[in-house]
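In order of appearance the chains are A, B, C, D and E, and numbering begins at 1 in each one.
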């Protein structure tokens, strides 16, 4: 059915270490209630969970984007290469090598695709030759972007915008990419394509990924390790292969019953509540 | 546990739709009404009437009108003052052309004139949005003020170009003009403001209110669920301008006693916008809170140093005043961008669960 | 092919009625871009009709044409047996067509209940004066429509968030509230643009349940865009496939699944 | 009546072409000055979607600082440098105190905040500099003050040299800005920020740096504007009202377009002057300049809701 | 103490012209308090309430001060118009020297209002007299542009000028300047260039003055034929154009007399004591000195009331009487050390203005110097107009109490 990801890489240095983080929005809305996770170097780590579980919030806490949404980390620590990045501003975090690709393909809609990509170079020292070379590399990964380089990003299709956002992040030459729901709203073959590129980047360029996804199916196929988040807590974690076999994950996240995939027409008759949630 | 709402069950939708479903709010409203109708008028002196009570009410009404348009229907207007001017001039023409007319009736009628003009200037809103729409209202602002200046008929060809409120009586009591007593004017204003507020509350919580809010929050979605945007926006312009026009007539007839065209210039528009925003867009109560702050603050700032016996140069006081008002505006925007009304709502939310933290 | 006039019965025994809406040779252009090119298809009463296709194929644009948000450059829309004259989106809505949006378009400044009540606006006709004094027709209408709104809220199991401002809701619930708003209008045809994007399987299951129930209990006709093939294949009675503005397939899920053009353009790997 | 509206004005124009030229020149000069203020607005709007009402008072503040420093005996060019320093400090302060805590708020809130800044600066400025009208140090800055008298069509055309200077400087400023925005990394970042500040943050564009930069550039523009206007009419707080004139210019040209600000400014400057002289004064009692620009902008917007050069709002459902 | 507040404006767009006036007024009373211990042994509490020339703030100040104040000095035609009807009820005199509503001269109608020692119509009349060399018929066929602020203040002299134009056959061309155009009057001056008037009479205030004068220089309008009202003769405004403004004139009911005795006293008791905010440059100017004259008028009113009622701490009604019975003679001016700073005048129940007349001052490139003999307004033609407009006002504001005691 599918090509499963290669086994987790052997080097297990932890790049990103999120420890018991609590996040509150607007001083009142408690969203993350102590989330801990680790992203190893060279790995693809998946962050799974339902709507409103706090995946985006976790990523934003790491990349420092919370502040502009009236959210703040009130407890716990976030370390990158053993240095705290908890209070650093987003630009500094990008310079350290961590970049987030936001949910919902935030492209600069009035800039052309190429200008969008070039903004990714912002944190790096200006070097025309290097910039051109990196741009070329992005275009080789995403040939479709080359075709549309001169059009305003606002008028490109959903898939192209997603590529543009990832390509833009690549221009920063990151070590770690925080990828938020890359599959949302994309047609199945585009999802495959994007995840294929993620895998390539991971394998060929050695970029580590922390991947927030709803599409558990795809995510667990490509990831090495997974965390499952529910209501702001990590309720389960383990190697992707193990998670795929877990009966609860199978039922609630993969939509499989004991006898294979069940039809969406049948869900009406019977529903079991999740065990790990009271 | 002062603000406990638990235990107050609603047994019908009608009771849930009441203006104040929570008992404590109704009590609070009662207290405010008693204060406004009984306590203040009995205790206030001339100065308080003239510099606090009457202007706060009139400004609140103007802000309420603006709030209907900007806060509920989402159409930014920077031309409030000009529409107040239309109300004031219309009222002036009516009472001078028809001296037998009841002044309160004249004031209430004058709103229709500004409603008409408001709709005319609201028509561009069907095409123009956001800050660009502000241009339509600014055009109204500058054009109307110019017209007040140039159109002699409006001010009865008065040599100074200003309008002067004549002495007007109702049931043998002076209600407007130099002979009118402040307390009488206060009650007239209070009655009109209370009435219009009540009507506006009903409007904003019903069908029309929802239509406006939908238009404000996402106009294309509103249209796609069956809202006629033209009707929605133009009713908002009409009702908002009506209220603003009435407040303009009150402004001149019940408070200022005279007016020159540039009174209705853009600083007044901004002041009212401030009140609406600091108070809270999309809230009724906010207008009152905002007006108390924006009208009351400078008065207080002027009085405080004197009361403390500090002698500061009056111009320095004024400069400091401007600075403080400017800073406070920024301060309140930072504390709660959604205004004092939201601040109050948050406090209320906390009170509901008080003394427990979550 | 199935009978064009009479309707038919599906495998699981549901009655599908006559054609309620028919798109005839629709073309839609934006400047130089041709978003839809000469597409025709129909929707039958009581069916679930899916539209699929790659990103940028013109699916949302098609929905926008149906709901009157875009006016087609060429072609005709037939509704309930007569040609629809050019009309404003709100007039289309008043004819009984309700929809949800790809990027949630809720009224963020209002509570859930108010959002659902806006769905009832097409059914409320009290004048401004009665509304002002909150008496007579206005009051009665308010209560009567509230009852219907509450029914929809119960149906979609969102009672607990009735008074919450929608801005604070998580994505999945927002989608559900949007559905509630559309349902409250008691539409003849319900258009759903990617109702399950960004949901995990469990949530998709919930959503499917609601869609099926709406279709079953109210007999509402549903047109739906979705990228999850599992959902599309399981739910829909017939599927239109679009690619770069052209129609490349139309038929039952099984027919579509085995159409080579569709596999090449869209499905890619075999499902 | 119709004759007065449609024929007489044109007869007047032909009868005295030198006067018409003078009218056009005056219109051009005020247009350029409006455009300069609008430029400050545009820059800030582009990078932060803030409708910066304080641009007008920044003009006054810059001019007053310049003149005030000179009155203390500082040489003119040093005054310019020091004033630039003051504008920089102001930019940093505004970013720190006002913009940072308000990031991500709705447009209208930020607009209000800039009005708050305006009030604050008026108060502060009057305390520091006093309310008197001051003379701009035009000559000290090396700006020529004479005038050229030409005699086209045997008539008279007076060109003030300082106006000519203002036109030239404004043109240079605009070209510089256009190049900066379209060609440099910073310029791209500024435009990106205006489109989507969250996304800009996520690629490591620092809001704080860009904002300070942009407000500082707006400060420089304010200083140039202040010198140009001050040379014409002296420096006082009454100058603040010219900020209103920039609003229709912006709307007409499009809120985010540099070219729009310039062309809008020129259009408004020229047309309002022509209208006032040939229609307003003879037929409407004059003073039509108070509203003409707004009504003109409104009419244009009815046909192009995003202004002549504004970015089209990309709206997709 | 006698509480005599001043509704000052040291802020806002008109501050430039307001400040020296306020300083002059204030320094005078400080000097009186320091030197004489007040008037009749009672100190004068001369506080300022800041209005920024805003009518709204002005009314607020009026309300705040009226309880204990003996006088209100509104300092703007707008505020004056606003409080004028209220004074009948509140019984407090308005002192508006040289501004306000010209018909206030009619004491029978406006019992509580005083625009001593000259009204705007006086000013207009004297300007016409001057340019026509005392025979208005000389103006026949001439064209006079009337450049004015589009505001009650600027429109005030229009009825008088219009009447005169009709009577003497000259053409009057009113040119309004909007509050927002004060700094940029190129359209107005283009109109002047097109119309080629023989004279430009200006009713300007605040930033409008400087704007007009710079434009006049630019359009090369003959400065000699450019005459302003007394609020348009501010040294600082002219200093902007310096030499180029040579020949510009303005009417004035006051003159700076730098060697007058009062100046020495102010220097001694106020400036040297560190109690003044004024700077030396402004103290030699027209407006500062006019401030002194204005305060002197108030002080004389207080004194005459004290003398009449034989009380020190007079109240507002008594001050009204005092202001109505001013008699500032040459001798009295000498006693006050203000000889020549204002012409002698006298008020009465029926005449609240006194019509002191004035002088034409001319800018010589550095300062204003006297350019005419003492001029007097044409009272014979002003008075009927005053009576007519005052009656109109009273009718519009009926019931309006008249002072039946005056004849």
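Following the convention adopted for this analysis, contacts are C-beta pairs under 8 Å (C-beta built on N, C-alpha and C of every residue); 3 or more make two chains touch, one makes a residue touch a chain.
Given the structure is predicted, the values throughout are model-derived calculations rather than measurements.
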Moving only between chains that touch, what is the shortest number of steps from chain C to chain E? 2
From chain C, which chain is the farthest off, judged by mean CA positions? E
Tell me, please, which chain's centre (mean of its C-alpha atoms) is farthest from the centre of chain A? E
Using mean C-alpha positions as chain centres, tell me how far chain B is from chain D in Å, no decimals. 32
Give, as an integer number of Å, the spacing between the C-alpha centres of chain E and chain B. 38
Between chain B and chain C, what is the gap in Å from one C-alpha centre to the other? 42
Which residues of chain B are in contact with two or more other chains? 146, 149, 220, 224, 315, 319, 322
On chain A, where are the residues touching two or more other chains? 155
List, in ascending order, every residue of chain E touching at least 2 other chains. 10-11, 150, 176, 178-179
Residues of chain B that touch chain C when the two form their complex: 13-14, 17, 199, 202-203, 206-208, 210-211, 213-214, 216-218, 220-229, 235, 239, 282
So in the complex, which bits of chain A are touching chain D? 63-65, 67-70, 89-91, 93-95, 99-102, 106-111, 115-116, 118-123, 126, 152, 154-155, 165, 168-169, 172
Which of the residues in chain A come into contact with chain C in the complex? 29, 48-52, 104, 155-160, 181, 184-190, 192, 214-217, 252-255, 261, 263-265, 267-268, 271, 274
Show me the residue ranges of chain B that touch chain D in the complex, using the header's touch definition. 70, 76, 124, 127-132, 134-136, 138-139, 141-143, 145-146, 149-150, 220, 224, 266, 270, 273-274, 277, 281, 315-316, 319-330, 333-334, 337
In their shared complex, chain B is touched by residues of chain E numbered 8, 10-11, 47-50, 52, 55-56, 59-60, 63-64, 67, 77-78, 81-82, 84-86, 88-89, 101, 150-152, 155-156, 158-159, 176, 178-179, 277, 389, 393, 396-399
